[in-house]
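Shared between the two complexes below is chain A, which has chain B as its partner in the first and chain C in the second.
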Partner chain A sequence: MPDQLLYGIEAAVNGLMAGVLYALVALGFVLIFKSSGIFNYAQGVFALFSALTLVGIMEGQVPFAHLINSIFGTEVHHFGWHVPAVLAIAFTVLVMVGLAILVERYILRHLVNQPDIILFMATIGLAYFMEGFGDLMWGSDIKTLDIGIPQGGSFWIEENTAWLGGEGFYGFFIDRLDIVAACVAAVLVVGLTLFSQYTKQGRALRAVADDHQAALSVGISLRFIWVLVWSIAGVVALVAGIMWGSKSGVQFSLSLIALKALPVLMLGGFTSIPGAIVGGLIIGMGEKLFEFAIGAPFLGGATENWFAYVLALLFLVFRPQGLFGEKIIERV
Partner chain B sequence: MFYREAGEFRTSYAEDSQTFPIRFDRWRYYAVLLVAFAVIPFIINDYWVNAVFLPFLIYAIAAIGLNILTGYCGQVSLGTGGFMAVGAYACYKLMTAFPDVNIFFHVLGGGIVTAAVGVLFGLPSLRIKGFYLAVATLAAQFFLVWLFNRVPWFYNNSASGQISAPERTLAGVPITGPNTEAWATYLFCLVFVTLTAVLARNLTRGSVGRKWMAIRDMDIAAEIIGVNPLRAKLSAFAVSSFFIGISGALFFAVYLGAVEVGEAFGINKSFLVLFMVIIGGLGSIFGSFAGAAFLVLLPVLLKNILVGQLGWATDLAAHLEFVIVGLMILIFLIAEPHGLAQLWRLTKEKLRLWPFPH
Partner chain C sequence: MSAQPESYVTPDGRTIGGVMMEMKNITLRFGGVVAIKDISFDIREGEIRAIIGPNGAGKSSMLNIISGFYVPQEGEVWFNGARRAPLRPYEVAGQGIARTFQNIALFEGMSVLDNIMTGRLTHMKSGLFSQALWYGKAAREEHENREVVEKIIDFLEIQNIRKTPVGRLPYGLKKRVELGRALAAEPKLLLLDEPMAGMNVEEKEDMSRFILDVNDEYGTTIALIEHDMGVVMDLSDRVVVMDYGKKIGDGPPEEVRTSQAVIDAYLGVSHD
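Entry: the complex of A and B
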């Protein structure tokens, strides 16, 4: 096989892997949008916040250390213990559930029946708040997150694919972290599907997604469902935060992956879980291939910044509800 | 007692449909103009102009622009930063290509070019609605910033990739460049603010504005009663982008002087202007001013208190600012979804009846 083609395949495979990570973030969006009609812009910041909290708990950081030191003139930074990863993850899940309860109690409850766009803006406000709050709580320096996920290129794949090319080809480079992420995403999707199909809460959740009022009238508590859904979204954000945090460090830019998840959603449709996955894969592969084939040689590179949006834009012009979205029917 | 319409008799249609029908409002408006044009230029210094007045005036133009699109026509846009960049770069290209032309026209030219770009990116709005459109405008944001970063023609092949404004004068007084006076830049921006605000106010009062609002309230129904959605939406995009382009041009040429596109016109700028519009009040010109003033003054105030008075680290103050801005937005949306403008309206209602509310 010609080397150029092999490099193209490598770019495509890596794009697919990146797409899985986009899909992980998009999944959180879809869950909340389906059940409460809220477009939760804060999902990316949730991922950042959960990753920050995880690192903070693992390292035994004192919350608000910076603030406390500034006000009282003390010098506290660490409790001096290290929490094992599994325990820290459990704690972080609790924090995310607590966050979901607070969000429902203090924001959603007051904004019932407001237009969608107001709710969207409220989540932008929430995103800003969480961003500042997370930094205040745990500090804004870049942290490394290591919970024992293997990293770096997989030698096994490299060795076993090297024969495909000629002299200069050393096999496909695929990050092991990406493979783990793909497996985790698959487990997550299967788990969520099973949950929503076979448990009582899952059925209630689907009922709410279908029709709020009908669900209310058969005795489903909307508030409980909202807390549940925001908690699940928080856990999904935690998973995304762990994956992205292990890959590139826990830092501010983590919250920007939310912006990357938006075109994924547009492509897949806001209401479809398979759509989020397929959209993520298309966007991930599309942007890597475009960069490889057209962006880097002809346009000066860094086309990944906008390719996803333009692709989604062009796509939407022809199919406004996305690939798997429900058909938009409007009445006067 | 003094703020009421009783006793004011209007005898012509022109009088009846003027912008400020109540005499007190009218005088207040003239007084504000007088203070802004004839008093402030004499008493301001560099610190006040650079920290407060220029950002306030320039963001006010951008907020009016976005308010026309989002507040009046209902099309949520997250591409404001990108459109501001178009205005800035168009102004820069015009300034360097035609050095002898009046700077006033360069800024206007920046606005006109941005209007054209805005119409181009507004085309999908005919098919895409709501959230989908908001996300689609992100395409404009990221694509435009990338374009200005990557194509050397836009920054005249300068080595740093930045653009910096050469010195241009208006009637012999330098407006851009390093040797400007505080009052000159202030007045220059103030003229643009006044012109755009009057233009926006009158557009939104007239038939164009009513078409926009019909589209906002329900576009299918608007179409049925005879509003052409193509024309209404694209004209909203054009007018809005024109204003945002002017503000971008002023932001670059008069306020910053030198600009790196990703830093000055990134996605955060889009959100900042959107917040101004939300906090100020969707669908209100006064609200655009109030929102811009609020979000320009808040960081200055916080910084002065936290860093200046309490001696905290600047990064800590910056985080606290995020928390406070986020909280403010949430509180506003919960308590008063129509923003500062609605508070103002309520105050006026109360004043009309004061001191005998029953």
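Entry: the complex of A and C
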């Protein structure tokens, strides 16, 4: 096989791995949008906040240290202990559930039956509040996150694929972190699907996503479902935050992965879980392949920043309902 | 009303019990619009109670109050002999009151079977964690609920569409599925908002039969809104008549039908 083709395949596989992360973030959007019709602008900040919290707990950081020190003239920064990753993740999940409860109690509850745009604005407010709050709580310096996921290229894959190419080909380079991320995402999606198909709460969740009034009439509490959905979205954000944070550090730019989820949503539709997954994979693979085949050689590179949007726009023009949406025919 | 005994047996042999639901001096406003004005009436155990009246009379609003969707500004709701605090719709459902909607509210994306299964939610006990940890118990519960639902599907004669997504069904069948979902809750009180609206004669006959059978076989108390006077005459034990938010009649169907106030309301005699 010509080496050039092999490198193309490598780019495609790496794109798929990145796509898994896009899909995860998009999934968080879809879950909330489906069940409450809200486009949660804060989803990216959720990922950042959850990753910050996880690092903070693991490192034994004192929350609000800066604030405490400036008020009381103290110099506290760390409790001096380290919390094992598993335990810290469990705590962080609790924090995200708490966050969901607060969001329902102090925002959603007061805005039911308001126009969608108001709710959207509220989530913008929430996003910037959370960003500032995260800084205040854990500090704004760049943090490294290491929960023990193996990183770096997989030698095993490199060695066992080197024979495919000629002298200049050293085998596929695939980051082990990406492989783990893909597996975790797969487990998460399968788990969510089982949950929504086979549990009482899952059934209630689907019911709410389909019709609020009908859901109420069969005895479903909307408040409970909202807390549940925002909690799940928080956990999904945490998973995305862990993967991305392990790769590139926990810092402000982590919240920008939300921007990568937008074209995925345009492609997959705002209400389709399979759409988010397939859309994420297409965008991830598409942008890497485009960069490899056209962007880098002909356009001076760095096409990954905009290619996803162009792809999504083109797609929108021809299939506005998204990959798996039903064709919309306006009644006249 | 006070002349009625605690319980009695109807000419067709059904036993009507004491008062199950009592609405006392209910007033409901939407901004300046008074949808319901100082209305009182009761629903007895085991009866079929009809609510009739011209468009905009406030019938649906009354049903919405009973089911917790609307909260009246004035008046009291009494249920099973106790005054009911304002409840949310899901709490009302939990007390054994099920309903259908005038403009069908089904889960369009789910199958007929899944739709009717959601009617069982109030009967599902297993919590989130016990379902995850104790699979056997949850599976048994699922199985029991499924049996109830299959019985209802047989009863409503919709076996052939059990797996069909509801969004694809014609109007008449949707109404039937919605009734099925309400029945799945095995309610004590069943509220039906125009269950036969927009149906042809044959469909109406089927629906009437289902309603009568439910009432007869399970003793389910039913309150229904209906425009077709023929249907009302056939089905109901007692009728409340509303017009412009006021109650203008209450009694057995044949008595209500001949009342001058009711005839005037339906013929559109001007309101002074």
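Following the convention adopted for this analysis, the second predicted complex is superposed on the first by the 325 of 332 C-alpha atoms of A that agree within 3 Å, B and C clash if a C-alpha of one lies under 4 Å from a C-alpha of the other, contacts with A are read in each partner's own complex, and residues count from 1 in each chain.
As a working rule, a residue touches a chain if its C-beta (ideal position, glycine included) is under 8 Å from a C-beta of that chain, and two chains touch if they have at least 3 such contacts.
Since the model is a prediction, treat every value here as computed from it, not as a measurement.
By the touch criterion stated above, A:W306 is placed in contact with chain B alone, chain C being left untouched. Contact with chain B, but none with chain C, is seen for A:S70 once the two complexes are overlaid on the shared chain. Judged by the touch definition given at the top, the superposed model places A:A204 against chain C, while chain B stays out of reach.
Of the two partner chains placed by the overlay, neither chain B nor chain C lies in contact with A:S248.
Of the two partner chains, chain C is the only one that A:L216 touches; chain B does not reach it. By the touch criterion defined above, A:D135 lies against chain B but remains apart from chain C after alignment on the C-alpha atoms of chain A.
No residue of chain A lies in contact with both chain B in one complex and chain C in the other.
Across the complex, chain C meets chain A through its residues 67, 69, 88-90, 93-94, 98-99, 101, 105-110, 114, 117-119, 121-122, 124, 126, 128, 131-132, 138, 142, 181-182, 185.
Only residues 39, 66-67, 70, 107, 110-111, 114, 116-118, 120-122, 124-133, 135-136, 140, 259, 262-263, 265-266, 270, 299-303, 305-306, 309-310, 312-313, 316-317, 320, 322, 328, 330-332 of chain A touch chain B when the two sit together in their complex.
Within the complex formed with chain C, the residues of chain A that make contact are 198-201, 203-204, 206-207, 210-211, 213-222.
Against chain A, the residues of chain B that register as touching in their complex are 76, 124, 127-132, 134-136, 138-139, 142-143, 145-146, 149-151, 218, 220-221, 224, 267, 271, 274-275, 278, 310, 312-313, 315-316, 319-330, 333-334, 337.
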